[in-house]
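Below is one structure, written out as structure tokens, with a few remarks after it.
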Amino acid sequence: MKIAVIHGSTRINGNTEYLTYQAVPKEKGTHLYLRDYNIKPIIDERHTEEGFTKVDDDLNELIDRVLEHDIFLFSTPIYWYSMSGPMKTFLDRWSQILRDSAYPDFREDLKKKVAYLIAVGGDTPTIKGLPLVQQFNYICQFYSMPFGGYVIGKASRPGDIVHDKRALHQASLLLEKHLQQGE
Amino acid sequence: MKIAVIHGSTRINGNTEYLTYQAVPKEKGTHLYLRDYNIKPIIDERHTEEGFTKVDDDLNELIDRVLEHDIFLFSTPIYWYSMSGPMKTFLDRWSQILRDSAYPDFREDLKKKVAYLIAVGGDTPTIKGLPLVQQFNYICQFYSMPFGGYVIGKASRPGDIVHDKRALHQASLLLEKHLQQGE
Amino acid sequence: MKIAVIHGSTRINGNTEYLTYQAVPKEKGTHLYLRDYNIKPIIDERHTEEGFTKVDDDLNELIDRVLEHDIFLFSTPIYWYSMSGPMKTFLDRWSQILRDSAYPDFREDLKKKVAYLIAVGGDTPTIKGLPLVQQFNYICQFYSMPFGGYVIGKASRPGDIVHDKRALHQASLLLEKHLQQGE
Amino acid sequence: MKIAVIHGSTRINGNTEYLTYQAVPKEKGTHLYLRDYNIKPIIDERHTEEGFTKVDDDLNELIDRVLEHDIFLFSTPIYWYSMSGPMKTFLDRWSQILRDSAYPDFREDLKKKVAYLIAVGGDTPTIKGLPLVQQFNYICQFYSMPFGGYVIGKASRPGDIVHDKRALHQASLLLEKHLQQGE
């Protein structure tokens, strides 16, 4: 099973990344950092006659890369009780991919994937991060993409995450069965 | 009471805007459209020694404009069960404003405001939009800014919103008491 | 369309009932008050060899009465951010009905009904009542019973509900289309 | 730290109990089974002149027993996406305790406790059990009683829980720090 990790953090080597590497070490799976890609915000043209205007950015390259994998791990810091802006911007653009003739099987493809979520926040994240989990679940439902599980970590200052032993252990189990099957 | 409406839609005259004008007609309050502003995504530098790097965009101009008002109405289409990317990008940057020496009283200022939310989605929004409401409530709690209420509308295709009589009526009541007190 | 209103309040003429009568006046539909029925708590025997032991109470009588209708309006005060104990006790016992040979078509029957919810609480119910709405939605999903809508009212002391004009108006619209079609 | 475990299951040795014993073994803490107590449903008399009528059941005995402890672990099967009826009935009656002159310090007492939750369900509980967690958090907030954490297990048929290794491990950590400090 090939694993793609989509990192939504804007900070290198932050708490969210640390926790995520417990789930999928750097040498396992493909680590994609949204901050390395130029992804423009969506302009909603679902209902214009001509459909979406072609956008000159890295979206399609990134989508192509992601779709080569079987398992998607979305990794995001919790900003304002929700996913990070870059992660949101990326996911918003999936509305465009859904209508892009270059991806006629996008929905069908996603049904065969499994999605996971790792989210890290500072303000009681195991409670206040639950709406984010619920939203993520709705996204998976929309695509009929199984939602394999999630881990919520607690950390504010750099390095804090090492103290969240519960989250670290949960993360180490999260994709265990996929890792054992080899990359 | 001066009302600022912060529009998060990327589409002009879409369903979300229509519903929002029921709450605050164009000639009442100040309508600010995020799509008219260049707001860059946050780069999380909360924990770097030098703090946030100055960003060359329209954020401060927009924040200044918003802060001139007493009531904030956030208006967003529901994209993937959450606020729109532009709205998220805007709110993420509040983390930077919180640490910007140009806004020493930002938190104190917000305590005196009242926030409202209008959100419009196509996929059972009165259920699947609830996590968004909960997140919005957490944001208000963070700032100790009263959350005055919300309206969720249902619409997909352009113009659909006129059929959601429940939402239209609710919207017309949402800020009624503030409007009566004059602009 | 025949409407059954299932009242979960333990107090006669309380705020929840008042709001509910805005949706379904006393003379429209069938008003059933759980406090008038002896419904015993479930004893989970789903997995015992003999199945559920027959219980001597009013459950079956009440279920029979409810099933004569097309529309179910569940009306409950919010006790501790959830439905009232009597309402919970009643719904828990549906697990037993599902396995009762006297109701071979229970699930099929429910698919043809439409459920509504009215809930009234004192502590920021339009936020803190949302998990209850989500749970109610899951129940409807389980039975593939359409969830027609909900109204959340705010009231603590007797009579308070008359001040929640938003909820009163919403309630008056909630089942409007069913009432117009006659009882 | 003295630990009281309040078991809301109606089934002896069910999945919920099994998971709970991972958190607090039988010989540690005090295990109280709601099914062994006669707790009557609340009749809401908060607003009657005379206040609540004295109820002849085991509530006060149970409350007294619970209050002798520092840590409360609420353990409930998930029935219809919420706590079990017996657990709900018990918690509803806390409204009466709040107004019982025999417990003048009930609220103050609870502030010094720490609450935990274990919940086990069969239908995607790590998603559909989240509203229950949110409600439980609101209850803790009401009493200003810290919410120490929660574990959600997945199981339907008797014995299923042994396969939820994630939950078993999480449960074993849940009250670890309190157990180490001795009973």
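Should a chain be cited, it is by its letter among A, B, C and D, assigned in written order, with residues numbered from 1 in that chain.
Note that in this section contacts are C-beta pairs under 8 Å (C-beta built on N, C-alpha and C of every residue); 3 or more make two chains touch, one makes a residue touch a chain.
None of these values were measured; they are calculated from a predicted model.
Residues touching across the chain A and chain D pair largely coincide in numbering: over half of the numbers involved belong to both copies.
Chain centres here are Cα means. That of chain A falls 35 Å from that of chain D. Spacing of chain A relative to chain C, judged by their CA centroids, is 38 angstrom.
The set of chain C residues that touch two or more partner chains comprises 130, 134.
Pairwise chain contacts in this structure: A-B, A-D, B-C, C-D.
Considering their complex, residues 126-127, 130, 133-134, 137, 147, 149-150, 165-166, 169-170, 173 of chain A touch chain D.
Taken in their complex, chain C has these residues touching chain D: 9-11, 14, 35, 41-45, 47, 77, 79-86, 88-89, 91-92, 94-95, 123, 128, 130-132, 134-135, 138-139, 142, 157-158.
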